[in-house]
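Note that chain A is present in both complexes that follow, paired respectively with chain B and with chain C.
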Partner chain A sequence: MAVLTAPERRSPARPPVSGRRARGPRRTPPLVLAFVLVPLLAEALWVFWPALQGFYLALTKWDGVSPPQFVGLDNFREMAHDDVFRSAAGHTVLWLVLFGGLSAVLGLAAALLLQQERRGVGFYRAALFLPVVFSLVATALVWQAIYQPDGVLNRLLDTVGLGSLRHAWLADQDTALYAVIVPALWRQIGYVMVLYLAGLKGIDPVLYEAAKVDGASALQRFRHVTLPQLRGVNAVVLSVIVIDSLRSFDVVWSLTRGGPYHSSELLSTYMYSTAFQSLRLGYGSALAVVIFVLAFGVIASYLVRAFREAD
Partner chain B sequence: MATSQTSRRRFLTGVGAAGTAALLGGCVTSASSGKGSSKGAVTLQSNLSAPQAKAAMEDLVAAYAKKGSGRADLNTVAAETFRTQLPTYLTSANPPDVYTWYPGSVADAYAKKNLLLGLDEVWNSSPDLKRYTKALHSLCTASSGKKVFVPNTYYWWGMFYRKSDFAKWGVSEPTSWDGLLDLCDKLKSRGVTPIGLGAGGNTPWVASAWFDYLDIRINGAQYHRELLAGKHRFDDPEVRKVFDRWREVLPYFDPNGTAVAFQDATTALLNGRSGMMLIGTFFADAAPKSALDDIDFFRFPVIDSKVPLAEEAPVDGYFASARSGRRDQVFHLLKYLATAEAQEIYIKGSSGTVLPCNPDAKDAGTALVKKGRAHVAAAAEITQFFNRDSSDALQPTADTALTRFLAEPKSIGGILTDWQRDAEKIWNA
Partner chain C sequence: MSADATANSAAVRRSRAATAGFHLGAGALSVLWLLPIALVLVTSLRSFDDIAAHGLGSRPHSFTLSNFGQAWTDGGQQQALINSLLVTVPCVLVTLALAAMAAFALSRYELPFRRSLLLLMLGGNLLPPQILLIPVSKLSEVMGVYDTLPALIGVQIGFGVGFYVFVLHGFMRSIPVEIQQAAVVDGAGPWQIFRRIILPLTRPALAALSALSFTWIFNDLLWAITVLRSDSKMPITAALIGLQGQYVSMWNVIAAGSVIAAAPTVAVFLRFQRHFVAGLNLGAVK
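Entry: the complex of A and B
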């Protein structure tokens, strides 16, 4: 997991280092240097070093007990022929699209709906944000009870006359993945909503006034004022969604452990189970490297593009 | 900007090189060879985190301290954390001294890597351990011939049911496989789910009990152990026979068998919604006291009378780290844990459905426990359970294969091929 958190933490550390150095190392006051170097050292010890270890372990065969054996790229070669890896990657993409797409769209919708200061709007905002406060494991426990064969969902279906749809939601390979996405989404929407609310607050009302005067309809105002103005927030939301999708683990693990028979397996759960259940830490690290490359690749390419446009 | 970039990059490379060097030097990934501290109380790392079991361990440690000849510090860790951290504990430079864990192939795997303290001295000097059964002696011996484990208690698996419910439905214990199928038929016609499973939620491993039992009944305990050790293949015809039998009884399984955890499945059993369940006695920990006297069990029916009778009776106990600096204190504690007194204290404090390994120790004395003791004693061979007879790493491969079999029994051929492929990855890891 250390590998996964690395890109998030690394980015804030970057600007101070390059920014201060640019003025010339000789003129840097020692205090500033200390402010830069001490966190960097801590960062190196707690983030870079474990991450590098992860990269090294990805090239080994290791059971966690005996010394690791260097095997070159064998782990990655195995991955190419691993059906479970392929289906986990597919599920992760599906997760990214459904979980990411829906949480962005619904989060934005909720933010637009709740941006006006009306009486009681704070209550709704708080209600939507509340799931973010709960730990995902606790959330998962609640949803597990909802999905039980004689749980709330099935009883609800019975009462509305849809008893034929009754289902062991988490135990059926056709529904397990979607059943797991719902609680994750339930939580993420509130989070994305808050990000967008902040973004909407930052839009100058004068722009809307001007558009109105020019005769723009509500839809046109949204399309030509709101969306372009939210570009900065979109970058943040995209990064958050990609990172959260790729590291989505707790909710899946608590609800299905990637089962039944790998039907809700994500790259993250597959990595955990190979590393810590099958005790194949080398292969698990190789999976972690793949996740890291995916997350970092997507985010870096987006950020580079976003900054280039900003310049 | 350019200079700053290169200097930063150079710095990072430096950090990276230093990190790699330290890594290759073996700070984290290879075994360090320090000895633990030699002073103070023996640390006892326990995975018994269920409230009753934890309290029982606390009683035990308190009783040991009262004797005045030594002290132990109990450190109870959540079972799942304990399982994943155990390799780290054992390879760390200053490890806890004594651990609760399993004998047999699980302990042997660590013994082969020289991580376990040899306990021959304990076994030779303890008057209690000398009197333990032969089966326990061999179970606690590593493949090197050294003793590495001190057993504490054991429990058994069986087909559990409620006496009052069986009386109400007018049925009785079956003694043969066909008798079991008849019983299931009768229960089904009365609208009761004949067989509860509980392999959903986070307890998919419960399904392995059916695989274990069918395999030891059809192919025998010897074959079963060899299969789990990788000496046979999961796609062999012998294994196929196990699943053919299973399919005969599969229509009587709870259709929600893979959707609910065993705790919910046993609740259904206790409420009379399902007829019986193949389960270990640990399920009784959560049963209401009033139901305990009503619980009974029967032997998993014999299928082939030529196969020596085997039962699943997992043993729990202790091993010690080879890096412990408190060798003498560890030996002293383990000798105490092997006494009848210690095991009686534990049984009294816990739910009381486990049996002591010490032949002189008294069990909880209930009819159920007495029957269980005789049940295990009658067996010619004892198996431990799927993960204990193989490894925790092999268990998920079984979970995947068996859950899939329960959902798609017709694709058994492909399931067994996949199982073999997954298992090979574990055996070769």
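Entry: the complex of A and C
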């Protein structure tokens, strides 16, 4: 909770004393140094060093067997003419807007509905939250069954007289991407709801009382009290959404592998199949760099906020 | 008097209507959310002949538990679940132990560059995993651990630790300095301060992060298929995809497999629900 709500409010008024405050002995005991270095080395081995290699490999052509061949920016030039890349990038943006936008809006709506402390609200919250603990693979398989030609969705359409809409949802190029977004949303909304519930809880009820006394309608209270007070949470939700969207892989991979005919391909799935199935490791690395660049803005702004907060 | 009474009963009626409206709306939403779960449970209890004859979307005409047996033994779910636990449990323990140590040092001692180190570690965790996949798979080959569970454990620890350091640092920073100073006066060294004072006070955060990291690591697919190849080594998520290929359109078995794969995290969630939600809010980065 502290991490969630603190950054906006606490950071500017940090007393200057804290930097000089004697937290322990002046000379750092060797054990304390080891406490930092061991985890740092673990991360350096599995993250920092591979990341540097990843950036270098993006400038090479490599089949994984013979040594990588330096080709400069050729991989990025190739992307300009790669139709699959362009559609994957488009789908990633669409995914960001639809998956991200809808999960934020619906998560906030669910939080507004379920913030009231009424009897039974715990059950409703748990119901919405339950899918969050499922793996995306299990989620995908549940929905794959729903989408089957003889599955529940088509049966339901028949029953309500919309039989003409019957569909092989995942096999049709026009619907595959949207059919994959729905399960991802089903799982994400509960998560965003929990973040907003904590944010709403942190709003001082006095603000609402004051607004009520001033004659503000429910809508005005939402617009002028709730939304501004949620600024800190919104920033967190935005980071979560962008990072999660760009990472989305499991659900697409389990449902469609990016198909049919790349119609549900995201940059993440295209990167994986390019690298590990077509064994074009250099080009795959370059695709990964593109994903990194897209995520960079959000990562950097998050780190800046974290930096300010970390006294 | 009577005007007062009517106003009062109108208010009561309005609040009753609001309550009914709330339960109607929230109830409908919950049913909608739980429907897919109910569906997979029902499917996992139907026989193949029933599904073949009446269609996947029909109401069930049969009841059997044999699908679970089939997924468990023939589908390799048993081995996969063991693999998942062999990876997840050590990962959670080691990651949190390492993270607590680093967070302790960074939050309680005047180390040089401590803020930059903290941010560096967090930054590593925020990287899109895609940039790491190829090098990590090659690195595990070079180190001779490719296609072994230690490779998966290693990369999960290395990739996860930075995030937990950041969260625990935020938590430990709020522990008053005076407690530590008193211990220093009594002649306690860093290890004793860590073990006897800071760690017990950090218990709530550690509990929350354990529940959270258990599900994250247990549910991972991408790292597993990056450093593992043999079916016999795969964790439950990857095995579930294998099941999907092995039992094409045998939805009863696939559904049973999904139930098996989801059961451990659901159990953790139901048992530690409060920790879980607290953890998500502590770690609002993911």
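Simple rule for what comes next: the second predicted complex is superposed on the first by the 259 of 311 C-alpha atoms of A that agree within 3 Å, B and C clash if a C-alpha of one lies under 4 Å from a C-alpha of the other, contacts with A are read in each partner's own complex, and residues count from 1 in each chain.
Everything that follows uses one rule, which is that a contact is a pair of C-beta atoms (placed from the backbone, for glycine too) under 8 Å apart; a residue touches a chain by one contact, two chains touch by 3 or more.
Small disclaimer: the values here were computed from a predicted structure and weren't measured.
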**Report entry** First (chain B), second (chain C), both or neither touched by A:V97
**Finding:** neither
Requested in this report: For A:F249, select first, second, both or neither according to whether it touches chain B, chain C, the two together, or no partner.
Outcome: second
**Report entry** Chain touching more of chain A, residue-wise (chain B, chain C)
**Finding:** C
Query raised in the report: With the two structures laid over each other on chain A, which partner does A:L141 touch: chain B (first), chain C (second), both, or neither?
Result: second
Report task. Have a look at where A:Y124 lands relative to chain B and chain C in the superposition and call it first, second, both or neither. Result -> second
**Report entry** First, second, both or neither for A:Q53, with chain B first and chain C second
**Finding:** both
Query raised in the report: Is A:L162 touching the first partner chain B, the second partner chain C, both, or neither of them?
Result: neither
Query raised in the report: On chain A, what residues does chain B touch that chain C touches as well?
Result: 21-22, 25, 48-49, 53, 57, 64, 144, 148, 276
Query - chain A partner contacts - residues on chain C that touch it in the complex - result: 19, 22-23, 25-27, 29-30, 33-34, 36-37, 39-40, 43, 55-58, 98-99, 101-102, 104-111, 115, 117-119, 121-139, 154-155, 157-159, 161-162, 165-167, 169-171, 173-174, 177, 180, 184, 189-191, 194, 215, 218-222, 225-226, 236-238, 240-241, 244, 249, 251, 254-255, 257-258, 261-262, 265-266, 268-269, 273, 276-278, 280-286
Query raised in the report: Which residues of chain A touch chain B in the complex?
Result: 17-18, 21-22, 25, 44, 48-49, 52-53, 56-57, 61-68, 144, 148-149, 168, 170-173, 257, 259-262, 273, 276-280
Report task. Using the touch rule from the top, collect the residues of chain B that touch chain A in their complex. Result -> 1, 3-5, 7-8, 12, 15-16, 19-20, 22-23, 26, 28-31, 84, 87-88, 90-91, 110, 113, 115, 200-202, 204, 255-256, 258-260, 264, 391-393, 395-397, 399-401, 403-404, 407, 425-426, 429
Query raised in the report: Which part of chain A faces chain C closely enough to touch in the complex?
Result: 1-4, 6, 21-26, 28-29, 31-33, 35-36, 38-40, 42-43, 45-51, 53-55, 57, 64, 110, 113-114, 116, 118, 120-121, 123-124, 126-131, 133-138, 141-146, 148, 150-156, 186, 190-191, 194-195, 198, 233, 236, 239-240, 243-244, 246-247, 249-250, 253-254, 267-268, 271-272, 275-276, 281, 284-285, 287-289, 291-292, 295, 299, 302-303, 306-307, 309-311
